[in-house]
Structure formats: structure tokens, C-alpha cells
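What follows is a set of structures to go through.
Common to both upcoming complexes is subunit A, partnered first by subunit B, then by subunit C.
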Partner chain A sequence: MNVLCTTVGLIAIYLYVSFVSLVWDGLDRRLVARMQRRVGPPLLQPFYDFLKLVSKESIIPRDSNKMFEASPILALAASITLLAYTPIGFGPILATKGDVLVFIYLLALIAFIRVIGAVSSGSPYAQIGAQREVIMLASREAPMMLGLFAILWRLAKLDVERPFSLETLYQHNIWEIGTPLTIVGSLVLLIVFVFWLASEIEVGYFNIPEAETEVAEGPMAEYSGRHLALFKLSNSLKEYASASLVVAMFFPWGLSQYLGISGIEAMLVDLVFHTIKVFMILFVSMSLFRAITGRLRVTQAVNLFWSRILSASIIGAILLVIDILGVIG
Partner chain B sequence: MNSRIEYWVKIPIGPIHPALEEPEKFIITLDGERIIHVDIKLGYNLRGLEWIAMRRNYIQLLYLVERICGICSFSHNHTYTRAVEEMAGIEVPERAEYIRAIIGELERIHSHLLNLGVVGHAIGYDTVLHLSWLARERVMDILEAIGGNRVNYAMNTIGGVRRDIEEKHKRMILEMIRYYREEVMPKVEEIFLYDPTVEARLRDAGVIPKRIALEYSAQGPTARGSGIKKDVRYNEQLGVYPELGIRPITPKEFTGVIKGDVFDRMVVRVGELWQSMEIIEKAFDQMPEDKIKTFSKDNVALAKLKKAEGAGIGRYEAPRGETIHYVRANPGTDGPAKWKAREPTFPNLFAVARALVGEQLADVPVAIASIDPCLSCTDRVAIIDSKTGKKKVLTEKDLLKASIEKTKEINPNIKAKPEAVGGICGGVRL
Partner chain C sequence: MFGYWDALYFIYAFIIGLLISYLLMKWAEKASVGTRKEGDGSKIYISGEDQDKVIPQFEHLQGYFTGRHVMWGFIRGINKMFLTFRREHTGLLTDYVSYLLITVAIVLGVMVIWG
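Here is the complex of A and B:
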């Protein structure tokens, strides 16, 4: 019975998130268009694009191998699995005592599957895109993990049962500790995570692997038809999931406890409220960032991550550590 | 052990690629992200213009020349007119020269705004593209109001201009200049002189040092960005430009340093936007009341040109650099024996290809966009064996041999034997 509930829940969440993340894509395109003084496409354009791509013939390059066709399916499968471990207004549906590790692992796995698909396509543009993707992945993971674990460790000191579960984020939040050091540390980490999110969804400065004018969409260069549609959907799901992590870490508050409802209705209300918060964080990290910046060279982006963002992350973590150890005061 | 395994990859940029507006091919050899070698293949845009030109008369040729390229339609037209006027010794009324200067500068404004947007797009900064092209609409509207067309305004004719600039046009243009000065230019300067992304991407990218620019004979903003004071309107004291206070713009006036990178080329373009507006205002102040063309009708001009002899060369500083047109008369007929155009993209393209060696792949689109390439102007000759469809590559020696043969055929008395100098270009790939 429990297995059945979880399965139905996961399917429901998958359908909901696919819908919502595609709506966000349309909203993002319209918002950026307005910032650029354009009218922009209709709100439902991503749906039309998706349906059209699905109905189109998919061209398989002569030099490609089996992984070229398998990787879009694997990427979508990994994204759906990722949703089961994503905090969406309440704890992940497959919450375990170490689900944060699974979350990070799956997020990296999607990028790796994209790389495998690109390398298998036999296109030189895709090869370069894949190289860039791996370089970016290696640079962005370190500050993100450091920040995430520093916050979870700080929360673990508040007597939680499962410190390595994303459910913890809904039991306690980092702001309720209230000491100046945690607040400053969390603000620094918030900035780190805004940059991490932008690089995870590859916009603005970090639109390097898929650079349209340089490597002609990089890893996606040879994909077309339904394979491309699957990748697009998986990217949208990943976008939502990674934004959800930032929301759960820094803005976890739900509406249901104030409205005094519980059960399935509370979950629905929290889910909708969570989606609104995800849209807001994506607006800053994606739409705004995309409109006011251009793309960096890959060396500059790596430099930015290892010299600025990693050091910001270290500073944030050190502030939280000082707070725990009580060195000052 | 100093043997190092090298993983070189050859990447074709083009003939069709998102970074390029027109078909051309760059074969780039890469070591990781670093560029080892750049090879250029041209000839994807050949339309046989010179062949068509030999079958037209001088007036019809005006419209053909205008359609070489979409952006410098006025420049080519103007240069061709100057060449024909020099050949036939036709005097142009002063008012016509001022009108030509005004339209030429309006075209420069629209071409430079276009290029600012294209460079923004090349670095993925699409907001710059959309906003600068929005600003460009204003000058396009003015050109449409004057010439009746957004791109091919057909203003020139042999011995003058075809349309006068009236009082209402003058009001519109001055209003446009006010709009650009107050609303557009501060934003353009903010982006291209101070924006961190733009500075990070354009500074030290695609550096063309002064020596390379001289050796490859770079033209226009590409040369001026490297610190060469080269502007035909200034160097040749062309037409009425000396009275309009023309001077070559170098990035030194804005940033104080000359590095010859993409950033400097864009700074030159921003400076020329300011200069063009000043020139238009001065031209309106100094413009005399006069007739606008020497010949009242085209057939009168053709009758005069029928008697013309010799050859003429026209030079003009198009937005992309110096354009040269050569016209040789065919006495007794109303068309030229030979018409040839040389546009600035050809030398600039090789200069930028040389500059790209040692840089990163990410710099390729922006460096190519920064010379504002116009391939439809460039491609005019291709030697193809019609049976096999193979293209020939002519080296310097082959070209020299062909020209010696031709010279002997025309004048057998010439005894000089020039030798190949073996310059850096090595040859011309067709």
C-alpha cells in the first residue's frame, strides 16, 4: 500500500513539475523579452515546442553509437528520479537518512549523461561542449557541497533525527537560530547558491557548454526530434529541482501551518507556495542574470568559481563553524 | 623526454554556423580550447558581379553596385560614382557633395549600431543586440523617409545626387541626432566602455598589433583600433570632408591606451558614432543652395560617358574600411570595359585570422564579428574547373605569372620581370 502511494505520488509530482517547469520556461522567455523591449513568444510556447519536437523525425548521425539514442531516455529517467529526492514544500517523497547525497549524485549524473550523449554523437562541436560541461561541473560542485554541508551541519546541532536528510530543512531553518554570525554566513552562502544555480542551469555568464554562437548548442548539436524533446524536458525538470534545493535551504516556510490545515490539502498548498518561491529564485538567478550578462570564456568562469565563489563559500562555512564552536562570545 | 602528445582537433566554423551572418569557412585547429591554426576558405557567396557588370551601362551599373552588400549600399554606390566621375572628368555641385556626406554618415550610424548589436550577440549578451537594434530603427526610418527604402536608398547618380534633402528631412535628422545624443549614446558608452562582462570578454581578445595591421593592410575601424591613423576621408582630403573637420578616431581619445583588441575596435565605432553626428550637423550648417546634379537627365550623362576615355579610381571610407572601385572606359559604348571593387573585409579577414592564433575558441565569433565582415562584398572571383567541380588555389607565383602574361599581351614593349616577394599571405585562396 505504501509502495503504491509513493508511486502514485511520484507520478503526480512528475506531471505537476513538468507542467510547472515548462510554464516557467515560457514565463522566463516573456520576462526576458520585456526586459529587452520585445514582445516575446506566447506563454505556452515551450509546450508547443515540446509537442512539435516529439512529432518530428529524429536524425541519428552516421558516426554516433548506441549511447546517443539511450542518453536522452537516461537523462529523463535520472531527472524523474531526482524529483523523488527533491524537497518540494515538504520533505522528499523518498526521504531516507542520507537523501542529500543522492540528490547531489543525481544532479551530477544528469550532466554526465548529457556528456556521454554528446561524446557519442561524433560531432566536434558536441565534443567541445562536453569538455566544457565537465570543466564547469567540476568547478561548481565544490562551493555548492561545502555550503550545503555547512548549513546541514549547523542544523544538525539543533537536535534533528536525520542530519543528512533534506527533511531537516523543513524541521528547522537557518534563520531561526538568529545569531548574527549565522545570519551573515547564510547570506554569504545565499549569494554562492544564486551563482551555483545560474551555472547549474547554464545561463548568463555560465552559458558556456551550450554557447550558441561558439559551438552551436554544444552537447545538443546533433540532437533533434524526440531525443531533443526528452533532453529539453529533463533540463526543465533539473532547473526546477535545483531551484527547489535553494528554496528549501533558505526560504523553507510553508503556508499550511498558518492556515491551520493538514493532510493532503496542506501538501497541495505548500507545493503551490513552493512553486511560487521557485519562480522567484529562478527570476533572479535565471531571467535577470540572463538579461544583464553575457557569456564568459571557460577559463574566466573556472577562475570565478575557484577564486571568488569557493572563497565566499569557505567564508560562509567558517562563519557557521565559529558560531557552532562558540569561539566568539 | 620533451615529446608531448598533442590532441589536435579540426573544427569547421562555417560555411553555415550560428556565429556567422554570411557563408564563409574558417577551419580552426584546436588544442583543447587553444587555437593552433586558422585557415580561411572563401567563395561561398560568389554571384559573378563583375561578369554582369561588363554587360551593363554606367547608369544600370549604379543599381547593381548598390546591391553588392546590404549594409554599405550607399558606400559602394558612392565609390563607384566617384570612380566614373574621375574617369570622365565630371564636376559635382557642392550641395550634392554635402548631401552625399550626410547620407554617408547616416549609413555609418546604422552600420555601426548594427555591428555593436552583432558583437553583443557573439558574446551571448542578447540584451545589447535587441536594444541597439531598437535604437537603429530610428535612423533606418530617416533613411526610408529620404530615399524611399530602408536599405537601398539609391541616392547617387553620376554627377550628383538624385534627391534633395528638404527642410522637413533636416528637421527629422536633427531631431534624431538629439535622440541619439541624449538617450542612446550614454547607454552605448555605458555598455561598451564600462560594462564588466563586455570588458572581460572583449579586452585582450583577438589582438591585432600595429605591425600585423600594417603588414596585412587592415582597413577601417580594424586599423584604427590598432592605432593606425588611417581614414581615406582624412588622408586623401576627400570631397568636402576637410571642411567638415574629419579626423581619424583612435581608442586613445577614449581609454588612453591602444591595444588593438576587440574592445578597441568597438571603442573606435562608438567614437565614430559621435563623429558622424557632428559631421551631419556641420554639413547642415555649411550646405550651400545649389543644384544637386550636373546632368538633368540620365541619357545626357550617358552621352557624355560614351566619349570618355581612360580609367578612374574611386575611394571612400565605408563603415567597415576603405572601399576602392576601378572603372575603365570602353570608348564608343555606354558601358565600362572593366569594373572592379575592392572592399575592406578581405585584408581584415586575414589580419583577424592571424590574430586568433593562440587565443581561445570562445574568442572566434567575437573576433570575426568585430571586423564587421561583409562576405557578399568579398567574394567575386572563383576559379573552378567546370568538368570536375574542383577549386584551384592560386599562389602568389601563379598570380604573378598570369599578370606578366597579360601585361605582355597588352604591351609587348615592357621588359621588366617582377619577382614574387613571398609575403606573409603567401597567396590568395580562391
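Here is the complex of A and C:
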């Protein structure tokens, strides 16, 4: 029964998230177009793109190996698995079977599968893109993990059973502690996470691996047709999942407890409300960021992460530690 | 309880994901025009690298993008830190022993202060 529930839930969430995340992609393109005084494509353009790509001929380069064809399937599979560990307005489906480390692992796994697909294509452009992808991954993980673990460790002091479970974020949140130091520390970490999210979905400053005008879509240079379609879908799912983490950490409040409903209805209301919050955080971290910033050089991005964002993360973590130790106030 | 995961459930979820994406791929294969593996357009994207062009006496080189370049941006981006660390690696045993002593002193100091 439990396994059946998990299966049905996972498939339902996959269908819902793939629909919603593609709608967001369309909305994002329209919003950015409006910011640049263009009209922009129709809202459902990502769906048309997906269907068009599926119907086209897939060209496999002569020099590529088996992993080139397998990696789109693996990337989408990893994205769907990620959804089972993603908080979506309520605890993840497999909340008791895996914690936040599995979530981070799967996010990194998707990037690695993209890299494997890129190096298997035999194109220099794809290899440069793959190189940049790995470098960005190595740079963005450190501040993000420090911030995440600092917050979860702070929440663990509130007597929770499983501090690293993503379900904990819905039982306690960082703002309810209410001391000035935690609030300032959390605000600093929120900024860190906005930057991390932008680099995770590779927009604006961090559009380095897929720099279209520079390395011709980087890792995706040789992909076409249905292989590219699967990668695009997997990217959209990853976008939603990583934004969900930020929402669950900083804005976990649900509507159902205020409306006084429970059961399936409450889950649906929370899911929709969560989606709206995800759209809002993606609006800041993706649309606005994409519209107002240009691409950095890879060295500048690495420098930004290791010297500024990591220091911000350390400052946020230290503020939380000082709050626990009770040195001030 | 810090850090836990159930490998069986993970594999189960991954298999569901694999199944969904495989079926999607199969459906897409049926719906598409087809796959092209040879002939026109199956060369890699124009990038200065031509698979058909073999330079005499350089037949052993398969592309000039090698693994050496992989971490270039990373090392270049935090070059100052790398240089600082490299300067500290003097190769003198006395220096390393002094680092060890300083680290032990700091750890002991922290332990004494916090009890």
C-alpha cells in the first residue's frame, strides 16, 4: 500500500511539476520580453518547443559514444527522482526515506550526467561547456551547503526529531526563533541562496556553461531533436525543485491551516500556494536576474563565489552560531 | 538523527524515473522523423575541428582539447589563494612541524576555553 501510494504520488507530482515548470518557462520568457519592451512568445511556447523538438530528426554525431544517447534519459530520470525528495508545500513523498543530502546529491548528479553527455559528443564546444559546468558546480556548492547546514543545525536546537529531514522545515522555520541575530543571519543567507539559485539554473551572471553566443550552447551543442527535448524538460524540473528548496527554507508557510481544511484538499491548496511562491522566487532569481545582469567570465564567477558569496555564507553561519552561544544579548 | 537515506527506496524512485523517461523517449522516437547517425550533418558542429581533415604527421592527435584544460577557470579564478598556499609549501620540514604545532595549540586553546 505504502509503495503504491509512493508510486502514484511520484507520477502525479511529476505530471504536475512538468506542466507547471513549463508554464513558468513561458511566463519567464514573456516577463523578460516585457522588461525589454518586446511582446514575447505566447505563454505556451515551451510546450510548442517541446513538441516541435520531439517531432524533429535527432542527429547523433559520428564520433559520439553510447553515453551521448543515454544521458538525456538518465538526466530526466534523475530529475524525476529528485521530485520525490523535493518539499512541495508539504514534506517530500520520501521524506522519511532520505534527507537533504540526497536532495543535494541528486542536484549534482543531474549536472554530472549533463557533463558526461557533453564529453561523449566529441565536440570541443561541448567539452568547454562541460568544463565550465564542473567549475561552476565546484564553486556554488560550498556556500550553499554551509548556509543550508547552518540553518538546519539552528533548527535542530529546537528539539526536532530529524534535523536533516526536509519535513522539519514545515514544522519549524528560521523566522519563528525571532532573535535579531537569527533574522539578520537568515537575511544574509537568503541573499546567498538567491545567487545560488541563479547559478543552479544558469541565468544572468552565471549563464557561463551554456553561453549561446560564445560556445554555442556549451554542453547542449551537439544535441538535437528528442534528446534535446528531454534535456530541456529535465532542466525545467530541476529549476522547480531547486527553487522549492529555497521556498521551503525561507517561506514555508502554508494556507491550509488558516483556511481550516485538512486531508487531500489541504495538500492541493498548499501545493498551489507553494507553486505561487516558487514562481515569485524564480521571478527574482531568474527573470529579474536575467534581465539586469550580463554573463561573467568563468574566472570572475569563481572569484565571486569563493571570495564574496562564501564569505557572506560564513558571516550568516557565524551569526547563527553566536545566537546559539548567547554571547550577545 | 543527522543524515539518513534508504537506498532501496532511492533505487525504486530512480527506476520509476528511468521508466517514465524511457517511455517518453520511445514515444518521441515514434513521433519523430527519425534518427540520423551518418551522412550529412553528422559531423560535429563547426568549431575549427574537422574530423575528415588529417594533418600529415599529426595523425595521433585526436582533437586538441585535452584534460589538462579542465580546471583552468577554477585555478585562474582563485589564483591569489593558490599562490598564497603555494608560497606556504616551502618544502622545509621545520616549517611543516611549526604548522602542526600551531594547529595543535589552537585546538588545545579552544578545548581549554570551552571546557
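We adopt the following convention: the second predicted complex is superposed on the first by the 327 of 329 C-alpha atoms of A that agree within 3 Å, B and C clash if a C-alpha of one lies under 4 Å from a C-alpha of the other, contacts with A are read in each partner's own complex, and residues count from 1 in each chain.
Assume a residue touches a chain if its C-beta (ideal position, glycine included) is under 8 Å from a C-beta of that chain, and two chains touch if they have at least 3 such contacts.
Since the model is a prediction, treat every value here as computed from it, not as a measurement.
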item: Partner chain(s) touched by A:300 [first = subunit B, second = subunit C, both, neither]; value: both
item: First (subunit B), second (subunit C), both or neither touched by A:205; value: first
item: Contacts of A:78 with subunit B and subunit C, given as first, second, both or neither; value: second
item: Which of subunit B and subunit C A:63 touches, first, second, both or neither; value: second
item: Most subunit A residues touched (candidates subunit B, subunit C); value: C
item: Which superposed partner A:291 touches (first subunit B, second subunit C, both, neither); value: first
item: Which of subunit B and subunit C A:37 touches, first, second, both or neither; value: first
item: Which superposed partner A:226 touches (first subunit B, second subunit C, both, neither); value: second
item: First (subunit B), second (subunit C), both or neither touched by A:14; value: second
item: Residues of subunit A contacting subunit B in one complex and subunit C in the other; value: 124-125, 127-128, 131, 216, 297-300
item: Residues on subunit A engaged by subunit C in the complex (per definition of touch); value: 3, 6-7, 10-11, 14, 54-63, 72-74, 76-81, 84, 94, 97-99, 101-102, 121-125, 127-128, 131-132, 134-135, 138-139, 156, 161-164, 216, 221-222, 225-226, 229-230, 297-303, 306-307
item: Subunit B-touching residues of subunit A, taken from the complex the two chains share; value: 35-38, 124-125, 127-128, 131, 205, 207-208, 211-216, 291-300
item: Residue numbers on subunit C that touch subunit A, as the complex places them; value: 1-6, 9-10, 12-14, 16-18, 20-22, 24-25, 28-29, 31-38, 41-45, 47-49, 51, 63-65, 69-74, 76-78, 81
item: Residues of subunit B that touch subunit A when the two form their complex; value: 9-12, 17-19, 30, 32-33, 120-128, 130-131, 134, 197-198, 200-201, 360-365
